[in-house]
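What follows is a pair of complexes built around subunit A, which joins subunit B in one and subunit C in the other.
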Partner chain A sequence: MHVMGGCLVVPIQVELTDRLMSQIQRDILDNVARTGVKGIIVDVSGVNILDSFLGQKICDTARMASLLGAPTVVTGIKPAIAASLIDLGFQLKGVEIALSVEEGFRKLQRLLTPEEVEESGEEAPKEEDVEETEEGYGQYEGRGKDNPDL
Partner chain B sequence: MLDEKKVAVARDTKPGMPEERKPAAPQDRKPMTRTAVIILWDGVLLVPMYGVIDTKRAQEAMETILQRILQTGARTVILDILGVASVDTGVANHLIKIVKACRLMGSTCIISGMSPAIAQTVVELGVDLGDIVTRVTLRDAIQLAFKLTGWEVREIKEAKREVKKVGEKPGA
Partner chain C sequence: MASTKDEVRTIPISEEIDAGLAPSEAMILAEAIGLSRTKQYMVATAVSELARNIVNYASKGQITLRVVRRGSQEGIEIVAEDNGPGIADVSQAMQDHFSTSGGLGLGLPGAKRLMDEFKIESKLGKGTKVTAIKWT
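Coming up: the complex of A and B.
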């Protein structure tokens, strides 16, 4: 995940497992509490399978992050996944949703007051603002130092 | 590449059994109706729904709409139900599913073509539309969709208008 324009961007490019999702939840909350970012974008465009359990985890993460002062926008849900989630009766309630990361930024800008966001205006922040704070989630497989309580 | 028909027949045939099964003719695979997703304006899609909305039709409509949202990045979808034969709980639930799925793609779905009859049915049957936005006229739905996507419609007021007759040069 990296910080862009005052917001935490979490791209998920691998298939989500329960364990990985728990890890992501912890990392997001730690990051928010530590850095005080004003918004979060969780991009799931690399995810092909999303069941209601993982969906619930994402919802919970969003609500937890809100309590820490950072609204969350989920982006990149694929059409097939959207259809499956609705069939399962799962709606991702309480979570803002956008089609792309760019739209996610626009949504966050609308949600947050202008003073809280570094970049004002319609354009999404440029890539030069990116600071790599952690590895991408592709490298999380096999990381066993934190044992999740599942 | 193996011809699909040959592979299917070879797999289905057991020794001693007559070859009764034939591969499906291409016509059999076409759906009965096609959902037309109209790009009304930048970021606004219009989907007129007609006739009977059964599970198959609703499924096809939903898939088509979601794909179009992905392709166009549309932020609002107007689902017009003026041409829908009848709205019972089944149809209502199909429509609700489409609206909810659009939301998961980051799009707001507005239902237009509501009538007093449908409004009565929905409430009396206890269908929960939640915060789904509905309108009677397409005009109202379009106005709302434009507002949501950042467009406004203004009347052009001109003092003079040059009406050019056929054959005349402008300014004549």
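Coming up: the complex of A and C.
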């Protein structure tokens, strides 16, 4: 994992095991706390098997990182994995999705820009955060329409 | 590839590392019989969920993978079995988000949706056997 443009990029290019996923979770949170990155991109394009447990671990990690102030975008989910997740009945709650790492960067930029403009108080930005997430989700649905193959 | 297709593979499931092996083996076999890419992932995901159930509820068990035929059609059969505590209420266990292990409760119903055929037999104190097939 490396920091690029103020964001932590976590490429996962091997098959995920529970142990590895726990390690990745620790590394991400350590990194965010230490470097204060503004966002995280977890690229799972090298992952073939994403079951409900591993999916949940990714969501948990994203939620923990968001408590540290860094939103997460998951990129590179293979269409076949998306189909399996749907059949499983699993929802990636609390994370943003983008097709590629590049798209992920763009999404993070959109998520981060309004936040920087409206920095006031302690509770208020939190509420803004929620609204931004919903906005982001809408954008994701829009993108889905552009890619009927998914 | 012919030898791959004729083989019956039994994979002992006892810990995380074994749980990871079974889905990969299923993916290889699914590819060998010509299941579509999407179906290959579905089979592998179902195996992963079933392997997790074995580890979570029975500590150990096994998963057997083999090629089955129906006329000219081929399919992959998964048999996941353990000698664990068994399931008290199977219909409850087949409901989404029902779990007695603190998990998401998507394992069994999810695996059923991922596969074409799904059968579950369970006896309290004896164990559980899940048989599932995905056809090409």
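Quick note on the criterion: the second predicted complex is superposed on the first by the 113 of 150 C-alpha atoms of A that agree within 3 Å, B and C clash if a C-alpha of one lies under 4 Å from a C-alpha of the other, contacts with A are read in each partner's own complex, and residues count from 1 in each chain.
Here is the rule we go by: contacts are C-beta pairs under 8 Å (C-beta built on N, C-alpha and C of every residue); 3 or more make two chains touch, one makes a residue touch a chain.
Fair warning: this is a prediction, and the values are worked out from it, not measured in the lab.
Clash-free side-by-side placement of subunit B and subunit C is the outcome of superposition onto subunit A.
Of the two partner chains, subunit B is the only one touched by A:98; subunit C is not. In the superposed model, A:70 lies in contact with neither subunit B nor subunit C. Touch criterion met: A:48 reaches subunit C, while subunit B stays clear of it. In the superposition on chain A, A:79 contacts both subunit B and subunit C.
Of the two partner chains placed by superposition, only subunit C is touched by A:17; subunit B is not. Look at A:1: by the touch rule set out above, it reaches neither subunit B nor subunit C.
By the document's definition of touching, neither partner reaches A:58: not subunit B, not subunit C.
Minimum Cα separation between subunit B and subunit C in the superposed model: 6 Å. The contact surfaces that subunit B and subunit C form on subunit A in the two complexes overlap at residues 78-79, 81, 83, 87. Residues of subunit C touching subunit A in their complex: 16-17, 19-20, 23-24, 27, 37-38, 40-42, 44-45, 48-49, 52, 96, 103-104, 106-107, 109-110, 113-114. Those residues of subunit B lying in contact with subunit A across their complex are 62-63, 66-67, 69-70, 73, 75, 97, 100-107. By the touch criterion stated above, subunit A contacts subunit B in their complex at residues 75, 77-79, 81-83, 85-87, 91-92, 97-100, 103.
Looking at the complex, you find that subunit A touches subunit C at residues 15, 17-19, 48-53, 56, 78-81, 83-84, 87-90.
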